[in-house]
Amino acid sequence: MTRLFKKHYHPAGTAPGTLRNLTLEQTALLGPARYTLACRDAGRWGEVHEIRPADIPEASAQGPLCWLHVQGMPTAEALELLGNRVGLHPLAQEDILNGGQRPKVERFDDSLVVILGIPEIDDEGALHLYQTTLFMGGNIVVSVLAERLDPFTEVRRRLRERGGRALSEPDDLLYGLLDAAVDHAFPVLDSVGERIEELEVEILDRPDSSTLERLHGLKRELIMLRRYLWPTREVINQLLRDHDDLFTPDTRMWMRDVYDHTVQIMDLVESYRDMTASLLDVYLSSMSNRLNESMRTLTIIATVFMPLTFIVGVYGMNFEHPTSPFAMPELGWYWGYPLVWGVMILAAVAMVAWFKRKRWF
Amino acid sequence: MTRLFKKHYHPAGTAPGTLRNLTLEQTALLGPARYTLACRDAGRWGEVHEIRPADIPEASAQGPLCWLHVQGMPTAEALELLGNRVGLHPLAQEDILNGGQRPKVERFDDSLVVILGIPEIDDEGALHLYQTTLFMGGNIVVSVLAERLDPFTEVRRRLRERGGRALSEPDDLLYGLLDAAVDHAFPVLDSVGERIEELEVEILDRPDSSTLERLHGLKRELIMLRRYLWPTREVINQLLRDHDDLFTPDTRMWMRDVYDHTVQIMDLVESYRDMTASLLDVYLSSMSNRLNESMRTLTIIATVFMPLTFIVGVYGMNFEHPTSPFAMPELGWYWGYPLVWGVMILAAVAMVAWFKRKRWF
Amino acid sequence: MTRLFKKHYHPAGTAPGTLRNLTLEQTALLGPARYTLACRDAGRWGEVHEIRPADIPEASAQGPLCWLHVQGMPTAEALELLGNRVGLHPLAQEDILNGGQRPKVERFDDSLVVILGIPEIDDEGALHLYQTTLFMGGNIVVSVLAERLDPFTEVRRRLRERGGRALSEPDDLLYGLLDAAVDHAFPVLDSVGERIEELEVEILDRPDSSTLERLHGLKRELIMLRRYLWPTREVINQLLRDHDDLFTPDTRMWMRDVYDHTVQIMDLVESYRDMTASLLDVYLSSMSNRLNESMRTLTIIATVFMPLTFIVGVYGMNFEHPTSPFAMPELGWYWGYPLVWGVMILAAVAMVAWFKRKRWF
Amino acid sequence: MTRLFKKHYHPAGTAPGTLRNLTLEQTALLGPARYTLACRDAGRWGEVHEIRPADIPEASAQGPLCWLHVQGMPTAEALELLGNRVGLHPLAQEDILNGGQRPKVERFDDSLVVILGIPEIDDEGALHLYQTTLFMGGNIVVSVLAERLDPFTEVRRRLRERGGRALSEPDDLLYGLLDAAVDHAFPVLDSVGERIEELEVEILDRPDSSTLERLHGLKRELIMLRRYLWPTREVINQLLRDHDDLFTPDTRMWMRDVYDHTVQIMDLVESYRDMTASLLDVYLSSMSNRLNESMRTLTIIATVFMPLTFIVGVYGMNFEHPTSPFAMPELGWYWGYPLVWGVMILAAVAMVAWFKRKRWF
Amino acid sequence: MTRLFKKHYHPAGTAPGTLRNLTLEQTALLGPARYTLACRDAGRWGEVHEIRPADIPEASAQGPLCWLHVQGMPTAEALELLGNRVGLHPLAQEDILNGGQRPKVERFDDSLVVILGIPEIDDEGALHLYQTTLFMGGNIVVSVLAERLDPFTEVRRRLRERGGRALSEPDDLLYGLLDAAVDHAFPVLDSVGERIEELEVEILDRPDSSTLERLHGLKRELIMLRRYLWPTREVINQLLRDHDDLFTPDTRMWMRDVYDHTVQIMDLVESYRDMTASLLDVYLSSMSNRLNESMRTLTIIATVFMPLTFIVGVYGMNFEHPTSPFAMPELGWYWGYPLVWGVMILAAVAMVAWFKRKRWF
């Protein structure tokens, strides 16, 4: 089972902004960071190519619009270099290295840092949340994704196509990346929705004890998703409300569209929570139903056979007295045996009829 | 079972405003779009008649007030043509093609796009939510309903009657359409209310396992309705609060009436949710009651017959000893058999009396 | 069972403000409307007497203060006439005819329409909510109550007494009527409170299945009351907040008192909801307790008697062999029978002691 | 059982401000009101002594600061006299006579009426809420407490000590009384907390059916406390927010301390509610645990002994045929009886082992 | 069991600001207070050393920045002396002595008192909340921690290192202490998270009755944590919102980071609450599952063996009649015994097949 809540904190009291490299094992897991740069020149986006950290350009108001994408976890040194070049605040650098941050937006003068969590379901069906950091300062936009996931393929394709609208200004590019990051939640929610519907069929049809485990797993994932997606919505809202001076009216309108998506995502998550709650009720009720059914079967069987067994027990007694007329005279009657059968059949029929009338089956 | 939550999203990162036609199968299902135009001339509404997309008039501040109704899903090309003529923003066009949007209102200068979800119960009793898009720009009002449902019959009838108040200004026409769309929820809620009351009678009277399934179905529908009707209320509220410059004082007052209806609808949905929650409690309690009842029946039967069966078992034993006075002498007593019956009847009566005193039946 | 949620809507798309008469059956039920007029002259209230609709006075700023009370459902024609005379807006007329409105307040220039729901428990103990419409315009105050209930008896008595403070201005009269309408909820809540306490005693003492039904009935009524009383509070709040220009400072203070009452009413409703929720928990727990009790009785009986029955069964076997010393030699022992009894009594005592030690009884 | 929610309302429609004396029985219960007056002169508080209603001083801006404390329910006449002397509004007088008011604060020009509920647990452990009314106008502060409780002993002691800071201004005195009234909730909450912890131990250790009753009693008290303490917090907040012109900066700071106490009280009440909810869950779960335990005991006993009883029953059958080799030949075997015992012991051991492996005990 | 909610209040009505020493036992428990002073001189922090209360420096705007840390509970006299020197308000002194305060921030002109609760898990796994009081006035910062816990080790280490940024201004130092205090919650939450995951594995795998007790213990701790951590968040928020004039822009940015941490902490607490609620559901459901399983086992056993026992009982009857052909003729049949076995085997197989088809096992 993957850990639900990861540890991500310094020892309490550490000086803020302290950068520490990953341990060797952690780096091995994530692989070294790769730096990809694309710049726009003369109305077209140049080739996307990998660079060394030392070649990161400086942010300035002039110069061509550039997009630097960092895939994998950069070393503390590279991050500091990057920070100096483009103006990334030490606190933001710390957030990148620590990971597991709550989605948030930070404004430093004219530069903006947005931290988001991107949900992803891996090949084994486990849900992960990957932190992505977006930075916009001057004419440069930086995206850092310290994991293997790449949600920006489609954006890159659009750059390559070099046509159409879009992506000619920093705020526009930032919007494109935000939109891609936010929309990454849809297929995840879709898969959650499908699993809810499978569970629904299963619970109504033939619930077993593994059903419960999976239902709990779903709730757990929804708790986790909710914890990351609520602040995501708040982040986009803050961008629109507090930092709209950094966006052109046109981009603001597209950003509202992103905001609508985050609202839609939260609506889905809340509906899913309501659904899983309702499914648990159905599960418990159907357990209760089955218990009732077993109980009634048992009660009917016992109620029919216990009296019968008593009756046959009676005539298994060995009372004997040479002269007493009370020593089980029935045993010697000519019609004794059929009579007992008659009584027993009557008793059984009466019991069954009584249960039938009470609609027990 | 119909899918609870439909997929409606582009691959993450697609350029916004990208229009894609429906696949062939989808179009076959919905049928081709039909364009109906009605214009008001000299104080009267002209005939309503079908037109080709190419004949869609251009929006302008002058000219007669026109209402274009698109029934069924238009092709991307027709939609683009329509967008150019009346000034429908590409984002709104995208929303129409994608469907399944959250109700919302978008303002582009002096034009207004309102997206609503209209609930409808089909012939098989399944709940559907159909997206309707209303557009008001200049002297033209457009309504797009990419499904088979037509909630505007009554509005059309009022146009034909050509008399009385109403529908002489774009905002007034928009109000008429909004009112018709919102009020479409009432019969749906009514049918939900009726089913709740049927379930109530059934649960109090004779609950079975299918009851539970239907109760869950109701909750599922209420979750779905709530997800669409909450934002509907917000949409009308936004129209009143943020875009009241587009409405005459008179229409504003009628719009407040529409808003009251959305509040009433939400009140109903919330009351229904409370009711279904209470019904589930009753269901679970009555399951628990029935279990108790079965249990008590079983316990009484077992408590009465087990001791009796034991007693008759005792006298079925075969102890025999030629001389011992302890080898079941009772078997040979003159009054032995009646005595045993006496003891057994006494025991049974005592048991029953004991249960009676504890008010078990 | 009375219908929980009544239908009250036009076919979607009907022109707003359309007035339709009640069907004949409906009118028969409610009886024809009676119009009672009282005017204040020279500092005293004149006699209250019935008038015909045609004699309804016109509202004007001058002239004596009048109170027109309409009891029963007026015809659409009479309502239109009334509307014209006193300036009652068509939308408000529609609301009166449709009934079942959510409590609300509407302001048209200097006139005010307040719609409230008055709860009442009928002779059979069923809860009803009656809509009352209050109108204040110029020097006239109108109250319409389309049902048999009359909450204004006390107000009428105060008019007749012709003394003391109060009821000399329209806003003061409106306050008097609002106060009477709002306070009508107290005895209803009182009766609900009494039933909760009865149920409490019953559930703690001797719950049966009808208890559950009544508890559900209570919850149902509280859902209904809550749906109408929340907006009532909002209505009074709106009067104080948005329309305080229509009230003298003195009346505003009295109105705050009415507002306090609505708050107190909602407090009670919420407390009652908490109480019923807690009672359901107690009910379920006591069901569970009783099940445990039955189960333990059964388990003890079965655990004591099953082994005993087995033992006596053993000695009911018919093994016989002329020479074998293993063919149930016990049956022939001198002390065989008492020994078996000894073993059985020992076993039974051991079992009972074991259950005793585990504190099962 | 004490009544949970008392009736406290006039017949709907009664003229507001109507004063009615208590009935004789009520007065007998509460005892006649006693009026105690203390005035501050030359920087010291004079003796506290009882006065007659007719000697109540008039409020004025000049003159010494006085504190009039009314213990017990005054007659309507005395209250009216008091009202005239110190300027207590008729509505406030009505509230005192009616009792059972929701905590609230009323401002009439420069005078202030604060109504609070003081919780108290009587000798039999029952929770009561006593209404106290505080009035500050000019140089006089009045406190009315229509019950036997006296929360102001400590304040009185501080007056007598005639030293130190405090209680030299009306607002300061009002603060002192408010503080004493609010802090009266702490010992009550403490006793509730102790009972919760007792119940916790009991439920985890040996729950019985009376446990449930007491848990329900606690919830009932918390519902009641919450209903009165929430508005108390609001009252202090309103004093700080809306009426801070009546307080010196110094007193405002002390009042913030009182506000902090009300917040702390509400925190406790909410935590207690959470605790009781959690305890109910534990109770239900432990009921479920015990049921499981009983069930398993029963199942094991039945599974072990039913097959054995069947086997011994087989050999109790009386099949006999002079020549047939199939007429229960086992009965005649030399080793028949020990063999049957062997089979039975084997079966029993196998069953027990099977339950053991399934970890049933 | 440690007390969940401690008593911390004066008798109601005590003069505010009254200081009382701890009783002897309490002091013995906490040990005498130790006063540690560190001052910053010429850009470096001097040695940290213990001082006597009489040597506490006076706060002034000039002079070097000093940090006074009080570990353990100071006597009322020492606290008063401290209060006079640095300007600590009597109310704040009272709060320190009483302990158990709700986290809050108090502003007295230019000095600031912040009270926080620091959660800590002791060696026996019990959760404690320790109150810490931070004071900033002029050039002095005071921290009082009346318990054994020391969360400021890391801060002290940074002072000793005498290098780098940070801690050169009072607000900066206050931030450092706040940050250390707030971050102290992370390891506690981490340990809670681990216990939740352990419980999760246990409940899904093999729940027993101690599981429930531990789950309840967790909920209890989360209720306690929530009660203290919610106001902590509010305290930091208030510092940022209302008292930002006391902080440099730089420190404000670091404080926002602390605020983010409090938000993250609350997110965790809420997620944990959701998780424990879900775990309880799983526990109850798995109890229900096990009950079903036992019930089915019992029902199958009873249903198979009761009819068989009845059949063998029948042939244990002693009907005998010299001539009657109806006196159990089967007993004398040649194939009688095998036939009965055949019937019994058939019956058993049919029963088992029936249960199999109903998927009971």
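When the chains are written out, they are named A, B, C, D and E in that same order, and each has its own residue count from 1.
In the analysis below, a contact is a pair of C-beta atoms (placed from the backbone, for glycine too) under 8 Å apart; a residue touches a chain by one contact, two chains touch by 3 or more.
Here the structure is a predicted model, which means the values were calculated and not measured.
Enquirer: Could you name all chains that are in contact with chain C and with chain D at the same time?
Expert: Touches both chain C and chain D: nothing.
Enquirer: Both chain B and chain D are touched by which chains?
Expert: Touches both chain B and chain D: C.
Enquirer: Could you give the separation in Å between the centres of chain A and chain B, each centre being the mean of its C-alpha atoms?
Expert: 25
Enquirer: Give me the residues of chain D that touch two or more other chains.
Expert: Each of 284, 288, 291, 295, 298, 302, 306, 309, 313, 316-318, 328 in chain D touches at least two other chains.
Enquirer: Quick check on the complex: what are the chain B residues that touch chain C?
Expert: Spelled out, the residues of chain B in touch with chain C are 151-155, 157-158, 164-166, 176, 179-184, 186-187, 190, 193, 196-197, 200-201, 204, 253-254, 256-257, 260, 263-264, 267-268, 270-271, 274-275, 278-279, 281-282, 284-286, 288-289, 291-292, 295-296, 298-299, 302-303, 306-307, 309-310, 313-314, 316-321, 323-324, 326-328, 359-360.
Enquirer: Please name which positions on chain B make contact with chain A in the complex.
Expert: Chain B reaches chain A through residues 1, 3-5, 7, 9-17, 91, 101-102, 104, 106, 206, 209, 212-213, 216, 219-220, 223-224, 227, 231, 280, 283-284, 287-288, 290-291, 294-295, 297-298, 301-302, 305-306, 308-309, 312-313, 315-318, 328, 330-338, 340.
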